[in-house]
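Structures follow.
Same chain, two partners: chain A is paired with chain B first, then with chain C.
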Partner chain A sequence: MGNMSTHSINNQNKLIQFLFGTWERTQLSISAGLLLLMVFSPLVIKSPYYIGVITLACLYAFIGISWNIISGFCGQLLIAHIIFIGLGGYTTIVLLNNYGISPWIGIPIGGFVSGIAGVVVALITVRYGLKLDYFALFTIALLVALRTLFLKWEFVGGAVGMYLRQETPSLNRMIFISKLPYLYIACSLLLFGIIIQYLTYKSKFGKYFIAIREDETAAAALGVNLTKYKTLAVMIGTALAGLGGGFYIIYVTYIDPTGIFNLGFNAEMVMASPIIGGLGSLVGPILGALVNKPIAEIIRANLAEARSGITMIVYGIFLISAVLFLPRGLAGLIQTLYYRWFHGITSTHQEGE
Partner chain B sequence: MTSEIFFQTLINGLFTGGIYALVSIGLTLIYGVMVIVNFAHGEFLTIGIYTAFWSVTLLGIDPYMSIPIAIIIAGILGAVIQRGLVQQVLDSHPLHQIVLLVGVSLLLIGVIQFSFGAEPKAMHVPYETEVIQLFGLRMAIPRLIAFGASLFISIGLFIFLQYTKIGKAIRAVSQSRQAASLMGINVNLIYMLTFGIGAAITAVAGVLLSPNHRMIPTMGEAYSVIAFLVVVLGTMGNFVGAFIGGLIIGLVEAYAGFYLGGDVKIIASMLIFIVILLFKPSGLFGRKR
Partner chain C sequence: MALLEVNNITKSFGGLCALRDFSIEVEKGEIVALIGPNGAGKTTAFNVISGYYHPDSGKVIFNQKDISNLRPDQICSFGLARTFQIARPFQGISVLDNIMVGAYAHTNNNKVAYENAMGILHFLKMDGIKDQMASRLPIASRKRLEIARALATEPSMILLDEAMAGLRPSETDEAIEIVRKISEKGIAVLLVEHVMKVVMSLAERVLVLHHGELIATGKPEDIVKNPQVIEAYLGESNVTS
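And now, the complex of A and B:
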């Protein structure tokens, strides 16, 4: 008997070691746990409205991951990241409405188009040495130019935007009566994002990204090809954003230039989750999205009807307080606790920031 | 294009450019001193234009009489935002600075929208459609006033920066924070003051724009982007550069608008912005770093 219990304690220790042995593994375990929670949430939550909120939280986490790779890992200030969500979304809906191509193919093509656009943007800006503030301003100028272009471009619906046609449910067109299939597609996207993010983080080029973020000149001096790896980071991130955008349009069934090429929406959809959760960490975008989306949605549902503007106030306060009080985000907070509990270290020096 | 239309477009462009110059001077001043891009800059213009609206609606005064009110509101708000928020991130990574100021921008838009509603408003003054004819060119009175006031304020601020003690202190801080501090200048006070001045003159630009102008809470974004463009064109941190850059962009928009139509002119400006960023990010007056 005694032997048996030591054995099971050993197994338990092994399990704990496996799940929480390092901070990286802990982040993966938390990510997996949160993802499972979302997958199984319909067992408890029956209201389609709340399932919808969880679906969007899942999507925001995925989009947060896409921005995290560019800005968090590689340190590139691609502020107007929503450009690539818009491009992916427009590609998907144009393919579906004008050519009858199923979203199952259209969404990956959207990701491909966004990835190509990202490569073009990265190559141009790196070629001319745009960095930091100047790069950020460049992306914002691009956003404004694209918005104006799409407003005038009748092929993609102009100022009116585009609606999903043929609302008859069909698997092929990714139109369902129940909210559940959307949730599972969003969860699969998020799983894909978590895997890509982890592989990037573990890979050699992921280390180069972080070297570029920490000190570009030093990285270049050590032989890191800046053009190549900055472009690669932007390509991975923008391609993921395109996928997210494609699914987003299918889910909300509508896109228009002022709605999507919009800096306020950019702050909500792209920036808020990784910033709140912890930019540059593995678990940050997911933690952040789970705080960001539900809170904002509750406020929107309960207060915004009385007065518009509340949502923007909330996002403004989110971003400001994250920078001032939690510069490493929720992940940074958990990391400190983690080192205290598991390793007895009270002051940490880590990779997250 | 006849010469008459050419000169009419020139006048229109200069008038628009005057407002752009004023907004951009505020941005470049803040950048020159603090090396921070104020992503919430356009919102101070929105504050100015709403101040004019409410002064006319509630107090029944002429919109131009609300300039002191706008200066006080935006100036104090700017100083408070600098001391309370921006000061904390001056030495942080640019990403943190940008995120903070994007947050401030959202917060300000949200508060304006919460207070006054999202629907467009317009304010009317009796003389809004009056026009002066000069050498066959038509000049709307409010736009003429706006241009004159922009010139006056820009020159006044230039003299202030060149010849007064505080102005010299501001320029000293923009040249070297450490050296200025060693000379006994209270650097943090200068930061606060500069942000306040930058915010206040931007709000004045909003007041000058107010007669017969449609206003919505999110209108600041367009002006932020134009100010970024102008400031990069005229070299970031360069006062005179921002003024000349503002006039240039005003003219470009006027002629592009004439040839390409109203909305497409924004694409022309953005293409200029992108080309400048790519080929000469140090701007017209910048030396190679």
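And now, the complex of A and C:
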């Protein structure tokens, strides 16, 4: 009997080793698990409202990843990241409404446009040596400038904004009756984001991003071209944000300058998820989004009837407590537990690595 | 042609002239020490050579290329590496990852960079701490990591800025051994050092800076007898002990 059970225990150990052998692997496994949970959630959750919340949580996770690459990996405080979501969104909807170009093409073009805009912003800020808080302020100023520009720009709808024309549902125009296709598109986006983030993290430029975050001066001494790699980080992150923005507009069917070029919404959509989940970690944006979006939604659903503004106050308190009590985010908490317990058990299997 | 030629560098900060008409030459594989009292301009000299400051006048020639106005990362890719006086490890990542950042200077391939980094770890006897977070390292290991990262960029010359300050005597001996091994690989070493024991046992040539000007150059045993140097820097007791 010993033989059989040793064999199965061995297999089990191998599986555990494969999934949780290193902290990196563990983060990937958790990410994949959460993604699968979202993909299969319609089996249990039938209400379109909740499916909608999950879809947006999934999108927030994707957008969180895009910001995580810039601010988490590379340490560039691109506060007003929502600029690039807005640009991607506007590109997609202008292409669809004015030129009849399908969102399946329009969303990637939105990503491309945002990526280019990101490169321009990065080059300008690096050229004039804007770092940290000055860089952050520059992006906020840009947000305000763009909001004013879009308010006056009639071609993109001015202050009224742009609506998705409600037409008969069609795959080509990415209009569906059921909520499920949107969920699956969001999940595919997130899968794409997880893969890009992981490849970035493992590559030469990912290592360079982290080196820049930790110490620019020392990184330069080791041959890191600061301009090139900061720009690259911003380009990857903003291009992903553009994709997310394109899908967001198709999903909510509406965009207007005050709604999208908005710092409050920026905090909820872009910054909250990676910060709650753990900025700079691989799994943080996903963990964070799954906490952030439902809580934001619950607060809105239950308190919207009360005094106006109370939802923002409660949500703000929630964000402040998250930062105070989990400075390294949920991922930091899990990492500590991982090293304390799980790694203690498997460390004997680790020698070979 | 010397590997590194610094020709008549002058560098001022506002009214303060940190380096005046400073010239040195370092040959391939040579170990040269730069000494002088605090504020003499040693670190400024390093910063000018490695591209962090651009000289007001004068030229830095490395490997027959004028590098006076290049960026630090370009200078590094030409094979001139440096360390910092206060070690600046990338705190949030492991020792191995720190060294890999250096190893990527001449390759885009993960595997090549990994193997080079492992080679450096082995060369500096750091195998045992490769997975530790850099933030948890004691001072001696930080200083060694500083050297390891610089070596990983495959330099033909390395600038060591007080690589042995703050070490215990036994650690200093190990560090001296490391510098000797680096030199045996054919890598030229220019070191700034206050620990005279290090200077005496390593340097083939010593340069003495004082108020931004070179006041003496020569063999270590001659330098310690030079009255000007004694007055400016060493003091009587240091020489006799």
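The rule is simple: the second predicted complex is superposed on the first by the 338 of 353 C-alpha atoms of A that agree within 3 Å, B and C clash if a C-alpha of one lies under 4 Å from a C-alpha of the other, contacts with A are read in each partner's own complex, and residues count from 1 in each chain.
Just so it is clear, a residue touches a chain if its C-beta (ideal position, glycine included) is under 8 Å from a C-beta of that chain, and two chains touch if they have at least 3 such contacts.
In this text, all values refer to a predicted model and were calculated from it rather than measured experimentally.
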{"item": "First, second, both or neither for A:I195, with chain B first and chain C second", "value": "neither"}
{"item": "Contacts of A:L149 with chain B and chain C, given as first, second, both or neither", "value": "first"}
{"item": "First (chain B), second (chain C), both or neither touched by A:L279", "value": "first"}
{"item": "Which superposed partner A:L137 touches (first chain B, second chain C, both, neither)", "value": "first"}
{"item": "Touched partner set for A:A301, first chain B, second chain C, both or neither", "value": "neither"}
{"item": "First, second, both or neither for A:G316, with chain B first and chain C second", "value": "first"}
{"item": "Comparison of chain B and chain C by chain A residues contacted", "value": "B"}
{"item": "Touching partner for A:I9 - first (chain B), second (chain C), both, neither", "value": "neither"}
{"item": "Touching partner for A:K204 - first (chain B), second (chain C), both, neither", "value": "second"}
{"item": "Chain B versus chain C as contact partner of A:E214, first or second or both or neither", "value": "second"}
{"item": "Shared chain A surface residues [contacts with chain B and with chain C]", "value": "none"}
{"item": "Residues on chain C engaged by chain A in the complex (per definition of touch)", "value": "50, 52, 71-74, 76-77, 81-84, 88-93, 97, 100-102, 104-105, 107-108, 110, 113, 149-150, 152-153"}
{"item": "Chain C-facing residues of chain A, complex", "value": "202-204, 207-208, 210-211, 213-215, 217-226, 280"}
{"item": "Residue numbers on chain B that touch chain A, as the complex places them", "value": "37, 85, 88-89, 92-96, 98-100, 102-115, 117-118, 217-218, 221-222, 225, 228-229, 232, 263-264, 266-267, 270-271, 273-274, 277-279, 281"}
{"item": "Contact set on chain A toward chain B in their complex", "value": "71, 75, 77, 79, 124-125, 128-130, 132-134, 136-138, 140-142, 144-145, 148-149, 151-152, 263-264, 267, 271, 275, 279, 307-320, 322-324, 327"}
